[in-house]
Structure formats: C-alpha cells, structure tokens
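Both complexes shown next keep chain A, but they swap its partner, so chain B is in the first and chain C is in the second.
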Partner chain A sequence: MIFLIIKRILLGFITLFIVSIITFVGTEVLPGDACTTYLERQAFGEQLEACYRRLGLNVPAYERYVSWALNAIQGDFGYSLSGEMPIKDVLGPRIKNSLVLASAAIFIGIPIALILGIITALWRDKLPDVAISTVTIFAMTIPEFISATLLILIIAIWLEWLPGIVIVPTDVSFLELLPNIILPVVAIAMIMTAHMARMVRSSVIQVMASEYVQMAILKGVPYWKMVFKHVLPNALLPAINVVALTIAWLLGGVVVTEVVFNYPGLGRLVIESISNRDLPTVQALAIILASIYVSINLLADLLTLMLNPRLKTLQIRK
Partner chain B sequence: MTDIIQKVKNLSIGFRSKKGEEILILKNISTNIKKGETVGIVGESGSGKSTLALAMMGYVKHGLYTIGGECQFNSSNLLRMKSKDLEKIRGRKIAMIPQNAGQALTPNLKIGYQIDEALQLHSDLDEKEREKKISELLNKVRLPSPETIALRYPHELSGGQQQRVAVAMALAGTPDLLLLDEPTTGLDVTTQAHVLELLNFIAKDTGTSMVYVSHDLGAIAQVSDRIIVMYSGEIVLEGPSRDILKRPIHPYTHGLLKSIPKLSLAGLPESMPGSQPQPGTIQSGCSFFDRCNFSDENCKNNSPKLEFLKNLNTSVRCFNYEKLVNESQASQTFNKIKNKSQDKEILNLSEVSISYAKQKLLDQIFNRISDDNPTVKDININIKKGETIALVGESGSGKSTILKSIAGLLRTKDGLIRFDENRNLSSDLKERDPNDLRIIQLIFQNPDESLNPNHTVEEIIAQPLKLYFGLKGEELKKNIIDLLQKVRLGEFYTSRYPRQLSGGEKQRVAVARAFAAKPDIILCDEVTSALDVSVQAAVLNLLQQLKEDFGTTYIFVSHDLAVVRAISDRVAVLYQGRLCEVGPSNDVYKFPSHPYTEVLLGAVLEPDPDIKPKLVAEDIVEERPPEKGCSFQGRCSRIVGDICKKEIPPWQLTDSGNAIRCHIPIKELQKEQF
Partner chain C sequence: MKLDNIYKEEKKSAFAKLSEIIITMASRPSGLIGLSILVFHIILAFISPYIAPHDFKAIDPTLMLQAPSAEYWFGTDDLGRDVFTRTILGGRTALTITFFGSLIALLWGGLLGIFCGLVGGKIDDVVMRIVDAFLSIPWILAMLLIVSLLGTSTEVLIPALGFFYGKGIVRVARAATHDVIAKDFIVSARARGHSNFSIIWNEIIPNVRDAILVEGAMRWSWMLLGFSSLSFLGFGVSPPTPDWGLMISNARGLMSFAYWAVIAPIVGLSSLIIGINLTADAFAKALGIDRSTKAPV
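Moving on, here comes the complex of A and B:
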C-alpha cells in the first residue's frame, strides 16, 4: 500500500517534469521572445542586448531551464514581464480567488448533484425523474457563456439584485468579495451539477439493477436500508474520480465564466498572460495547473483504493 | 390441505411489447409445493422458470407485471402484498439462493455483516448470540475457520465458498421454503457435487421445502422428489422425478433426455431440431409443435391442456403422450463416432511452459520470462492429423491457457510448439506469418461476445475469406453461401445481424467463420457451454460432421466431461497446469486411473436418480501449483508418502496406451478400479 502511494507520487512528479519541459520548449520555439515582444519596434541593437542580459536570455536554453526549474521548486517563478513584479505575487491572490470560487461551487454543487442524481435514479421514469432530468439536460446543454450572460441580464440588469461583473481589486477580503461571486458561482454550479447528477443517476440505476440488490430485496431488507447499505456505497465509488476531475477543472480556472464576469481568477490570468506574451507567467501557470490536476487525481485514486475493498486486496496481494 | 406451503394458481406474468401487445412469459401456471418436498423446475433459458421462482417470493422483475393469478403463501397472495409485509416473509419464511453468488453478494460488505443483516431482520437474537449464530451457520455450510471467513469480503472467496455463504445467508432466517435459482451453475464439477450434497443434507436436516430451478437435468435428478418441466412459459410435464427421468412421456422431455451426452456411453447423442420459440410468437397450437417428432394436424391448430394421469401420477400437456408411454428411455441411440486420426503428426507440444507472471524491467529488456513456478508447465502432447483431443480439468487447470498459446495469443515461456513436424509456432501472433495464422482457428465459448454485433453474418464470414484468400465479388458470395449451407443455415441468413439469431445459430456462424479459413486445426474453447442442452447436441453433431468432411483436427476444451466423452478421441487431464493423464477417451472414461481423473469423473452428475456422484476428494481451491512434487498432492486421497511432496511423478504407460503421471504403480492404480 505504502509502496503504491510512493509509486504514484513519483509518477506525479515525472508528469510534472515532462509538463515543464514541454511548456519550456513550447515557449522557446515560438517565433520572437519576451524581449522582442516587450521592446516592440525598439527591439534591436544595444537595447535588445540589455534586455537579454537583464532577463538572463543570453545563456543557452538548457541552462535557463535548470535555473528556472530550481527556482520554481522553491516557489520563485521569476518576474512577470507586463507588471514587472514577481510572478508569485501575481499568482497568490489569483489562486486565492479561484479557490474561493471553486470551493463555493463545490460546496453547493456536489451535494445538490448527489441528491438529484439519487432521487432521479430511485424514482426512475416517474414524475420526479422526468422533471429533474429535463432540467438537468437543459442545464447541461446551454453553454456557460449563454447562461452566464442570461444571469447577468436577468439578475443584475433587470432585477438589479447583484453586481453583474466583478469590479473589485484582486486582493479584497472575502466578505467584500462575497456578493460579487454569487452569480459566477451559480453559472458554474449549474452546468457542473447537471453533469454530475446525470452521472450519479446512471451509476445508481446500474447498481439498482444488479443481482446483489435483487438479493437484498429478496432477503427482506427494508427499502431505505437497502439503498444506504447496498446501493449507495457501490454506486458512488465511480463518482469519486468524476468529482475529482470537476474539482481540478474548477481550480484550474473556468476561463469563460471568469472572462464574462470579469472575475480575477486563474483562468483570466491565463488569457491575459497569453495575449500579453508574458511567457514566464504562462510557464508558471502551466506548471501550477498541472500540479493541481496531478495532485487531485492522485488523491481521488487513493480515496477509491481506500473505499473499495476489492482494489485494496488486489494491491496488497501484488 | 395443510401440508401445502406454496400454492401457485393460474399465474400469468408478461410484459407489454413496443407495439402495445401483451406478451406472456408465464402462461397460466398452477402448482403446489408441499411441506418438506424438493421440487425441481427444469427448462431451457427463456422457459420462464426463474420468473416463476421469483414470483413465489412475490417478486416480479422490472419491466414485467402480473397479468393474472396468485402465489399463495399461508393463504395470502404474495403478488398483491404490501412491501412492508413482504419484507417479513422474504428471508424469514421464504429464502432465495441465487444463481451466481459472486454477483449476488454486495461487494462492499463483509460476509459476516451480510449474514448478520439477515439475522437482525429475521430473529430476536442479541449481538452476542448473533455472532455465535453466524459461526454456526458458516460451520453448517462447511466453510473452514468461520471466524476469519466472516471478516472477509465476497471477492476474497472462491466461487464454491461464495455459494456456501449464500446458502448460509438463506438459512439465517430458518425459512420454511428455499428457492434455489441455478445454485450450482458456473461451479466446477467437483464443487457442484459438494454443494448439491450439502443442499440434500440441509433438506433432510431441517425439513425445509425446496424449489430447485435449473437447466441441468443432472443436478435436478440428484435433489428433487418431483419435477416440473417448463417449455415456453408453460408447464408441459409434472410428476415424480424417477418417472419423469426414466419414462418421460412428453416429447420435449423425451428429446431433451436423449440429447444429453452420457458418461457411460461413447458417441454423440441425438439432437433435437430447432429452438424454443420467442415469447409472443406462438399464436395457436402447441408451442412445441415445430420441434416435435410425434405431432399431427391437431397439434398445429389446438393447444393441448395439462392433463392429470391418475395411474402415472403425472400431468402432461400433449395430445399424443400415449405414443410415448410404452417407449422406454433405454432406446437411446448414440451415433458412434469413428476415430479417423491418421498416423501423421500435426501439432507437437514439447516441454511447454506458460507463465502469467508480470515481466520485470530487466526481463523485458532481455525479452525473457522468469518464473520458477509457471501456471502451465511440462506439457508434452502429440496431436495427430484428424483427431479430436480434449483438454479437461477444473477452472484454473490451464486448459484455456494452453489453447491461447497454440493460437498465439500468449507467448510460451519455454518449450516448443511445432506444426507439421517442422514449422515452429512458439512465437506469438505478431511474429507469425498469415499462413501460420490461417492454419489455426479458434471458436469461442460465447458467440454473443465473439461475433461483432455491428456486422451482418455475411460480413463476419467474409472476413477470413478476404484476408486469407483475397476473394471478391461473386466468388466471395458463393463461398459464403457454401459455408452457411455447411453449417445448416440458409442463404437468407447473410443479411442478418447476430442479435437476430438464436444462441445455436450464432454458434453456427462462429463455426462457419472458423472453417472459412480452411484451417488444419480448430481450437474449440467451451463451444457448447453457453448453449441449451437441446441445441448443444446439434452443434456437437455439426462439428463432428464438418470434421469428417474436411479432415480437420480439433483441440477441444470443456469442463463438461460428458460432452468431452461424446466428441473426443483422446483426453488429456490437467490439474494446476500440469498433465495428469493422457489417453484414448474410451480407456480414460472406463478405467480412470489417475486419482484426479477419478475425482473428476466421480463428481459428474447424470440425469438418472440411480447414479449418485462419488465424492472422493475435498473441493479445496488451490491458488498456485505446488513448488515441488506432484501437482495434485494438496487434494489427493491416495498420497503414498513424502515422495508425492518432493518428487514430480514419472510417466507410466498402461497396456492400452494411457499415460499416467503418479507415484503409485500402474498395476495398483488399475486394480482398485471397479
């Protein structure tokens, strides 16, 4: 078991290493570099040389990679080009903001998704299922930029209940941020909840049709006891990995929603730094997003392993 | 009247088709189950036997509904009972032992908890008493060390152990009626015999009534006092089990019994034409009409009623049963097969070992497999052109593994597989040239999975023809139709999809596909196990016919020893991936000399109440072959001493050409037989 965990963690690091190389090489082969972009038409002669020296671009690529990687491990991603400030200072508040948005969506979305999924499965093809399923399929199919725009139109412009876009500085306190995030959270949670509710529904239906559930009924196990003891633990296991992917997706920045609401999260930073050709920031973002995905998937796998007695013994035997 | 425990009255269950028609799965079924009696319900898949058993618990599957009739238990109709009241009867008064215990035990709950749950629901015992009771129950079903078993999860037990747990769980509520839905299907012969023996013991010990549902007349014969034969949702024959098995007076039962291969008789059984009609397709007349040898005009237009014959104490649904009353079952005729093998050797396995061990990095680099105790070891077999050789053994004996290696799906660890004395086939698929691939074809167990559901029959059979012979257009079409006719399917099958075919027809298509490559050797992996008995005989006959026409060599793998007896010229008995005995079928079956062969053959169930299985060895499951000595040492009842544990037994030859691997001298082995 411990051996397995160590193996998985090592694999995670190897993934990150490969990602870092790919992003580094990617930014390297792009025509032009940070200095030509930054200096624009003055990018020649003495000025360009000076810029190269200042950014350390005059040494071979592999040397730059090594020094960049060594610093990155310590949390130092160098300087952003546009703002001339340390990237970690740019990232800090953005990560915090994305975290706030994601956790709000998760805490609201996941319980609702589970409850809706279970209800629709248990009342399969009856009124509750038909009603909820219609709504969830509808919510799933509307692209988020439309639902987000509609939310702004109705809640912010017609009803004037909440601000339509986030116009606070990136580093305000949570309480000040709260009214601003309600609409983005609703927009994200809608689509996420719908997806997950459908997933849970099909998983529960599959387990309900299994022979062991039929056996439990024939054993005389009362309905709700059967649902909680025999159905849900088995039906929700496969949901863990889906939930994990959703969380990673949320933390990685929900680009469209953030742009529509002008929300200062990681997703918008990705867009901004790409359009500014702020390559050091893009590199840093790539590495951070990759680590979020890797670590959350790792956690999900370990959790499944812990909860599923079948996998557990399988691994130990090996 | 008080001794009737369950009364089924005019029960009809069905579903509504997409067109809105009412389609019946059960048609007007009436029967009584008496206290302390064991009733066997026999029928092929789709005959409605499981639906009937479930209805006896007041359970109707999702999508089906009760059209009419009742299932009375203690004079209340279970099918109209509220679920609150049903919960008090299910598990307490009537309990179910499911077909596939591996699937029927909840995977995330420990064995102990699942039994405890039944006790909590259906008894007033406190926690301490329940704990004791769990141990008692596990002991009763003869599971070793109950305390540790209770802490295990279902997947940590073997198939036989899981089935025993299901029995223990059913007994927890001390039910008056036990329903068993194919409780031994899917278990090894030896395990099956042990579980049946346990069930018989429990029936006697507790006086519980049992309803035993199975397609296997062999198993039914061992347990039941009375037999109900179902066909197409109707009861066609009902009576005392001895009479039904010895003198079946319904044409269907008559044909069914004739189509079962017997251990004591060599050769292929007679086959029954056709297959059971789909529900809803029979509009008028007897549902068995088009498969019946005794039918006339009357049968075509009128449906026979179930008629009770007082002198025979039997109910029968047939106009012409009298034709069968005087005919005894002894008239069974078997088409003796002739051993057509030539002296020419076609395939030779020498010192073959196969391992499933995961390759370590270093081994991968050097392209080698290192495993001291491989799954299959020391296989030496000479296969002659035109013969049918069968590999038999329990699950885990390595019989399918050997097939996979011959087919090239699995690399051998050591040893040589040679075709036609000089062509080396030890390599796997990637290294074989197209002709090497053509000469060996496989037919799989389950045609549902081996035929691509999105291809028509024509496309399925066309593939090998295009691949190996490059046929096109008219010629291709002609070849396909030729092949279809060879497997007795008409031209109109070409445009059908596998889902439009019955199980037997699908397997015929798979056979046609194998023969399309004009192979020298066909590997048959449990080809009849997924088929109903009446269809099985037809497929066996077809295989035999094709072999005689083409001179093909068969390597036949089956767990069904009677089927092997019917079709094979030579048998190789395997245990834990090691050969125990190789010899001509006649000799092996008449004088099983190796202790393991004796165990295997002893456990076979015959559809005859007078032939009881002999249980020689325990049905322990060994996970790995032993490191040293004889492979069968763990279960052998005739161990002669330390030598069995230390040394691999030598090959001994009998006069008739049997080769046996045992430390006991051959004379002694033969002496103790019969």
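Moving on, here comes the complex of A and C:
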C-alpha cells in the first residue's frame, strides 16, 4: 500500500520532469527567440549580443535548463520579458483568481452532476433520462466560447441581469469579484457538470446490472436502501478518476472562458504571454498547468486507492 | 449452421459491412440525427461555393450591420459582408483541416499504440511515460505555442492538430493490442509459422481496428472543438477566410446590436460538432464498443 503510493508519486514526478524537458526543448527548437522578438527590427549586432547576455541566453541550452529547473523547483521562474517583473509576482494573483473560478465551478458542479447522473441512471431511457441526457449532451459538446458567448448575449445583454465582462484589476478582494464571476463560473460549471453527470450515469448503470445488486433485489432489500447502501458507494468510486481527468481536461476550456469574459486568471495570461512571445512565462505556465494536471490525477488515484479495500492488496492500477 | 455459410459471412465485402454499420447507426434516433447533420454539412461544404449568393470578402461600408432581409438572409457583419454566405462557407476550412488532422492522428497514434502493445517491456514503459507527459500539457498551450511560432497556415495546423490529438489514440490502440495479443489465435498463428508482419496485418489490425476507429471518430469532434477555439482566439486560419470561430470572435463585440452576425456561425459550428459527436457515438454503439465511461483526454 505505502509502496504503491510512493510509486504513484514518483511516477508523477517523472512525468513532470519529462514535461519540463518537452517545454524547454519545444521553446528552444521553434524559430525565433525572446531577444529577436523583443528587439524586433533592431535584432542584430551589439544590441542582440547585449540582450542575450542580459537574459543569459549566451550559455549552452542544457546549462540553462539545469539552472532554470533548479530555480523553478524553488518557485523562481525568472523574469517575464514584457513587464520586466519576476514571473512569480505575475503568477500569484492570476493563480488565485483562476482557483476562485475553478473551485466555485467544482463546488457547484459536483453535487448537481451527482444528482443528475443518479436520476438519469435510475430512470434510464424514461422521460427524465431522455430530457436530462439531451441537455447534457448539448452542454458537453458545444465549445466553451459558444456557451459563454450565448450566456453573455442572453443574461448580460438581453436581460441585463449581470455584467457580461469582468472589468476589475488583477488583485481585487473576493467580495468585489463575486458579481463578476457568476457568468464565467456558470459557463465552466455547465460543461463540467455535463461531463461528470454522464460518467456518473454510466457508472451507476453498470453497478445496477451487477450480480450483487440483482441479489439484493431478490433478497427484497427496499429499493432506496439498496440504491444508497449498495449501488452508490460502488458506483462513485470509479467515477472519481474520471472526474479528475475531466477537471484537468477543462484547464484548456478555462483558458478560452477566461478570454471570453476578460477574466484576469491564468488562462488569459497564457494568451497574453504567447502573443507577446514571452517564453519564460510560457515555460512557467506549462509547468504549472502540467503540475495541476498531474497532481489532480495523483490525488484521484490515491483517493481511489484509499476508498477501495480491494485495491489495497492488489497492484491493478497501471 | 452450415460451414460455408459461416465462410460467406466472413468474406463479406467492405462495402457491405460499411452499409450494414451505417444502417445500424441510423436505426437509433440519435444516430440518425447525427448522421443527417454530418451528411448535410459535408454536402454543404462541397456545394457552398456554387450556391453562395454573395462574395464572401466583398466589403461594403454602406451595408454595415444590416438586419436580416430578403437580400441578406442572415444580415451583414461589421464590414458589410453577407453573413449567410460566410456561414455556409465557414464549414469548409474546419471540416477539411480536422478531417485530415484526424487521419494523421489515427495513423501515428494507432501504429505507435500497436507497436507499444506488441513489444511491451522497457520500450513500452518509456514511450507511455512520454505520451503521459504530453497528455499533461494542456492542449491549448501547446497548440497556441506551435501556431504562434510557426504560423497559422494549413500545412502547420493539420500536422500540429494531428499530432496533439493522436496521443490519446496511442493509449487506446495499446490497450486493444494488449487484449488481443494473449488470445489463442495469435499463439496458433505463431505456431503455424506466420511472420511477424503477417500476424500484425492479418490478426492484430483487424481486431484492434474498431476500437481505434471509434476513438478517431471521437477525436474528430474534439479536434473540431480545439480548432475552432484556436480560430476564436485568433490563432487559427487568418481573415478574410470565412471561418465560424473567427466570425464569432469578430461579431462578439457588436452582438448587443447585431446579434445575427454571431448567432449564424454559432448555429453552424454547434450543429456540426453535435453531428460528429452523435455520429461517433452511434458508430461506437454499432460496433459494440462502450466508451461512455471514458474521460475526454
């Protein structure tokens, strides 16, 4: 058990190590570097040399990788090119804002997804299932920027209930942020909820068809007691992993949603830094987003491991 | 059952098999809806240049932001271009790029997955670790980086999308190969003295093909979603090419007044994505593959 946990954590670190190499090599081999972009037409001779020296780009790539990686582990990602600020000062408030957005969406989304998933599974192929499933399929297939744009058009422009675009400075307090984030949270939660509700539905359906549930029915266990005592605990376990993957996958969708609502989070920083060819910031963002992805997965794995007695002795996960 | 009957069943032509699958898909309402939407969009993509009533790039300041009328069915946009023309032309780029992108994804993802499933051991471990690492970089970050540094031409977009959406297929192909490789018919093919190539071509590929194709169909809809998101963010095809993502992003600023310019491409793009999704779902069900528990990675 302990060995299994340590192994998962080690694998997570190896993945992050490979990610760091990929992003470093990726930004290295692609044509154009920070200095040529920054200096534009003046990128030649003495000025280019000076810029390389200032940014430390004149040493071999592997040396730069090692020093960058060592600093990155300590949370120091160097300086961003455009703002001439330490990247960690730029990142701090952005991460906070994105976390507010994501956790609000998760807190709203998970309970609704559970309820919808269970309802659709128990009333499978009946009216509640058909109605809810149609809506969830719509919500999960339509791109984030479309649902977000429609939300703005209907709620903010036609009905004028809420502000459609977030116009606040990066570092405002939570209460000031609240009315501004309702629409973005709804936009993200909608897609996430739809994905999770589908997962819960199929998981519950699978368990309902299993032999021990059939047995419980034959034994005459009351229906709702059977649902809550036998079906749900077993059905929700496999859903944890899938939910984690869904949340991690939505990191990409959050980027788009933040842009639509002009929300000052990590997602908009991704777009801004790529537009400015601010490669140090891009590298830092890649590592941070990948770490979020890896740790969500790790957390889900460990949670499944701890909740499932059968996995304690077996090494099924691979 | 007579033996030659079984034999005939095995030897059905590819066309007969395909039409059988399509009939099975169309027998469910969701499959029928999905197929009809997809076929409609494909036909539209082929004929739209011939039926478009106006020039898609003709800018006319006197016609700015006209409401829908008999002349301009879906109104005009902020540059006075006909929204109807641009909407029916909008699917061409998206369909072409994502279709060929999916083919590339299927090809390299499928082959690498089968290879990993076959060789196993250390090579398999290393390759899967790298695939995992690629999976944990958000697709949008990687795509944006490539596109912003290499440009947004079709020659960059197709392989880039194909590469990034193929990494998930590797997993599926590998798992399917793992399932097949221990089966008796592989062992007996080995015992008969068949070459490795013959075993891969005649025994393994026919058995993992369905799983890979279903995954590829699903990737197609995600790739369309990814591609249109790129366009929306301004990193996809460049103007004045009519493209739904680009049209939505352009018309968004003025939608409090000219909502028609944003609604038309939204309907186009959403219907195509839903069509592909429903079709892929029906395709999976027709082949007897359950992918309802898979996460969208």
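As a working rule, the second predicted complex is superposed on the first by the 309 of 318 C-alpha atoms of A that agree within 3 Å, B and C clash if a C-alpha of one lies under 4 Å from a C-alpha of the other, contacts with A are read in each partner's own complex, and residues count from 1 in each chain.
We take it that a contact is a pair of C-beta atoms (placed from the backbone, for glycine too) under 8 Å apart; a residue touches a chain by one contact, two chains touch by 3 or more.
Small disclaimer: the values here were computed from a predicted structure and weren't measured.
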**OP:** Please work out whether A:M85 is in contact with chain B alone, chain C alone, both, or neither, and reply first, second, both or neither.
**Re:** neither
Subject >> First, second, both or neither for A:N234, with chain B first and chain C second >> reply: first
**OP:** Determine, for the superposed model, which of the two partners chain B and chain C contacts more residues of chain A.
**Re:** C
**OP:** Could you say whether A:V66 touches chain B, chain C, both of them, or neither, answering first, second, both or neither?
**Re:** neither
**OP:** Examine A:T246 and indicate which partner it touches, taking first as chain B and second as chain C; both and neither are also allowed.
**Re:** second
Original post:
Which partner does A:F138 reach: the first (chain B), the second (chain C), both, or neither?
Top reply: second
**OP:** Considering only touches as defined above, state whether A:A286 meets chain B (first), chain C (second), both or neither.
**Re:** second
**OP:** Classify the contacts of A:M306 with the two partner chains as first (chain B alone), second (chain C alone), both, or neither.
**Re:** neither
**OP:** Figure out whether A:T149 sits in contact with chain B (first) or chain C (second), or with both, or with neither.
**Re:** second
Original post:
For A:L178, is the partner it touches chain B (first), chain C (second), both, or none of the two (neither)?
Top reply: neither
Subject >> chain B-touching residues of chain A, taken from the complex the two chains share >> reply: 209-223, 229-230, 233-234, 237, 307-310, 313
Original post:
Which positions of chain A touch chain C when the two form their complex?
Top reply: 11, 14-16, 18-19, 22-23, 26-27, 30-32, 137-138, 141-146, 149-150, 152-153, 157, 195, 198-199, 201-203, 206, 238, 241-242, 245-246, 248-249, 251-252, 255-256, 259-260, 270-271, 274-275, 277, 282, 285-286, 289-290, 293-294, 297
Original post:
Within the complex, which stretch of chain B touches chain A?
Top reply: 54, 57, 59, 62, 83, 86-92, 95-96, 98-100, 103-109, 117-118, 121-122, 153, 155-156, 166, 169, 173
**OP:** Using the touch rule from the top, collect the residues of chain C that touch chain A in their complex.
**Re:** 129-130, 132-134, 136-142, 144-146, 148-150, 221, 225-226, 228-229, 232-233, 245, 248-249, 252, 255-256, 259, 262, 266, 269-270, 273-274, 277-278, 290, 292-297
